[in-house]
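Two complexes follow with chain A in common, the first pairing it with chain B and the second with chain C.
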Partner chain A sequence: MENKRFSKILAVAQNVLNECIRHKILNILFVFALALIGGALLIEELSPGAQGRTLVNVGYANMELFGFLTLMLSLFIITFEEIEMRNIWLTLTKPVSRSSFFTGKFLGITFVTLLTMAVMFLLVMGLSLLSRVSLNLNYLVIVYAMSLGLLVTIAFTLAFITIATNLPTGLMFASLLFLIGHLTEHLKGIIAKPETTVPAKLALTLVYYAVPNFSLFNLKDKAYLQEGGFDPLYLLLITFYALVFSFIFLYIGIKAFEKKEL
Partner chain B sequence: MTAIEAKGLSKTYISGHFWNRKRTTALRGIDLKIKEKQVFGLLGLNGAGKTTFIKTLVGLVFPTTGRVYILGKEAGHVQTRKSIAYLPEMPYFPRYLTPEEILLFYTKLYEIPENERREKVFFALKEVGLYEKRTVQLKEFSKGMLQRVGIAQLLLNDAKVFFLDEPTYGLDPLSTKQMRDIILSLKKAGKTIFLNTHQMGEVKQICDRIGILNNGQLIIETDVKNIKGSLESYFVKKVQADGK
Partner chain C sequence: MTLRSYLILALALLLLVTGVNLLHQNTFYQNNYKSFPFAAAKKDPFYAFLASVSGFRILVADILWMDAVQYIGDLENAKEQYKQLYPKTRDIITLDPNFTYPYIAVSGILFFSMNEKDKAIELIKYGIEQNPKYWQLNLYLAAYTYAKADNIKMAIHNVESAIKQENHPPLLERILGSMYLKLSEKDRANKKFWTGKAVSLWLDMYEHPSEPENRKYAESHLKEFGLLK
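After this line comes the complex of A and B, so read on.
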């Protein structure tokens, strides 16, 4: 029984991958490559001598942005076709539960995003080697942490577009949460300020704990400070943190989808 | 045995934001029983609630009140969906996939063994005359061809109950005839068919029983053989008499 359920989840995920490839979503990688090479040339002009390190930084900054763009674009196209174009009608009258369908979508988009991240990582590494930057395992760990952040983003974006009455609203709220999630660390500072009122402190504390803190997944700024590599316990903790948040958002998304009328 | 049963089925859609909620009642207390191997035609004006009714039967929308059973099981349940096949008014498919790919995807959801999947898909595509076009992306297909892919997906799982919403919508006369032949062959094979249609000729030719839905209410349910004269004038008379 569970085996059949899993094979249906995989079938949905595989279908998402096929659709994304056919929609040429992965062409975003060409734009990334162009942005990277363009950035490299510009850096060479602006900061001779430090180009290697800056190039890696630019590469990583672009990776996160393009990873986010890939998942947003994939979700937009897939969901638009399914809900607005009503493709979903035929699929959901087949013997597949809504929770399996939703999980399959999540896995499919995750796979597309991770595939994009892997190719971008190889491009950055290739360019770094050409620029004679010494590479170590930390570079891979940075991408791992970044991918954890994207995993959470996929989960809450799927939840939002399921709950929202229309696709643009869902994507807008998800983007807003992504943005707030990157600023939550600053909330700590505001909460600690003596001039912040008690109700504001309470509200900000609530936001601080309810919204995923994306700065936890940002290891790229710390790469050069870590001589002997990142603390494995920290990596374990952020993995757990990402999984918990993803699970919560997936659960909310599935429950909303099970009640959604099509 | 009863194939389709609706008990006190009502459906009210709620739209708008919480400060400006709008309620639209699409179905009002429908009671209906359709026997196995019967072909039932549901007639009604545009907006009478026919599509909502069929979507409730296949589990895409949920009843506000009342219950719906298919072959004795709750409508919309995964196990129930193994025995049904549904064709919406205008079937939509992922545009960048091919008919072969989308049908293979459906066979996986139907739990058809891997070694039988391609055979089933090829059979269905041959039945609707699209075998040669099986590797062409669906974005290249005309409305009529998409409808035929919709018909092909009906033939994958050896369903017992078929829900067809305007099955000849957008089809040319030849494809319309092919569709009718397919429905007749399903009828001959002892399948239960629930048909939403505006085509009175189709109903007279195919259906054993009809129901007329007007303003969300099932105002009449009768055997086709009981209808004297043209079905069209019978329909108009009943709807006008209902006066809503």
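After this line comes the complex of A and C, so read on.
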């Protein structure tokens, strides 16, 4: 029974991947490659003494940006086809539960995003090698942490577009949360200030725990630390954090999707 | 939502809070997730805001470095003695204190071209504080202190710090030996002390040479002092 359920989830995920390829979403990689190579030529001229470092940093920034764009585009196209073109009715008339459908969609988008990230990583590393940047394992760990952040983003975007009455509102809320999530870490500083009132402290603490903290996944800003490699325990903890957050958003999304009138 | 669903969510939230608290106790987190130095970035809060919102702190530092390079390259700015160079560099290292190149390049310009010796030394000292394992900065400080006030003792102290780092060039050890000898001539009252330091360094270089050249160098000096036949 469980095996059947899992194969249905995988079938939905595969369908999402096929649809993304059919809609040429992965063409975004060409734009990425152009931006990266163009940027590399400029950097060579503009950043004497720090060319290698700037090239990698620009690569990471592009990876995060294009990774986010990929998942947003994929979700928009897939959900638009499901809801507006009524494709979802065909799937749900088959013995596929709504929770399996939702989980499959999450897995499919995750796979598309990871695939895009992997190709972009290879491009960045290839270009870095050509520019004689000495690479190490940290570069891979940074992308792993970045992908964890995108995993949480997929989960909450799916939850938002399910709860919201229309697709653009859901995507807009998700994008805002992605932005705010980068500021969550700074709330700690405001909470710690003596002039912050107790009710404000309580409200901010609630927000601190409720909003995903994307700074935790931001290891690209820690790439040049003097201590060397990243702490494996820290990596384990952020993996746990991302998984729990993704589970919460997926669970809320599934419950909302089960009640949603299509 | 059923009671079971609420219970599952409550359990997940409990796990989340536990996870966050465990993260707060993690040493890597405590060392590297300090609050943003907004006070230091007060002069130009736009870049601080941009770096925080986007999560691209070191990329913004790189962009500011490109801006600083353009500033140096523009001859128009020579009219005002490049007075914005130091504040611009402070902005860069506020965002990324581990960006080592601006410390070296800008302190060199400040020291040799703009005669702002104190600022150059202050900048390089801050760099050493932030990057204690980056031995090149110690060398620059040694050069500046020596060039500024003929302070060979301070220069020796900095070269000694540099050779403690694993990846230092072996040549530095030979330079340090010569500096000890020079100081033993200059500081006659402590001649024995400085000669002793040189001898102990040569003995170490002879027994544990970082490269064959160092052993030869140590051997010739030890023979000169009659400590080897």
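Please note the rule applied: the second predicted complex is superposed on the first by the 259 of 262 C-alpha atoms of A that agree within 3 Å, B and C clash if a C-alpha of one lies under 4 Å from a C-alpha of the other, contacts with A are read in each partner's own complex, and residues count from 1 in each chain.
By definition in this document, contacts are C-beta pairs under 8 Å (C-beta built on N, C-alpha and C of every residue); 3 or more make two chains touch, one makes a residue touch a chain.
Keep in mind that what you see is a predicted model, and the values were worked out from it rather than measured.
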Partner chain(s) touched by A:Ala61 [first = chain B, second = chain C, both, neither]: second
Partner chain in contact with A:Gly189 - chain B first, chain C second, else both or neither: second
Touching partner for A:Phe247 - first (chain B), second (chain C), both, neither: second
First, second, both or neither for A:Lys4, with chain B first and chain C second: first
First, second, both or neither for A:Asn15, with chain B first and chain C second: first
Touched partner set for A:Phe230, first chain B, second chain C, both or neither: second
Touching partner for A:Lys94 - first (chain B), second (chain C), both, neither: first
Partner chain(s) touched by A:Thr116 [first = chain B, second = chain C, both, neither]: neither
Of chain B and chain C, the chain that contacts the larger number of chain A residues: C
Residue numbers on chain C that touch chain A, as the complex places them: 1, 5, 8-9, 12-13, 15-17, 19-20, 22-23, 26-29, 31-33, 35-36, 38, 52-59, 62, 65-66, 69-70, 96, 98-99, 101, 105, 131-134
Interface residues, chain A side, partner chain C - complex: 46-50, 53-54, 57-58, 60-61, 64, 179, 182-183, 185-186, 188-189, 192, 209, 213-216, 218, 220-227, 230-231, 233-234, 237-238, 240-241, 244-245, 247-248, 251-252, 255
Chain B-facing residues of chain A, complex: 4, 7-8, 11, 15, 18-19, 22-23, 81, 85-87, 89-97, 259, 261-262
Touching residues on chain B, where the partner in the complex is chain A: 13, 55, 58-62, 78-79, 81-82, 84, 86, 88, 91-97, 101, 105-106, 108-111, 137, 150, 153
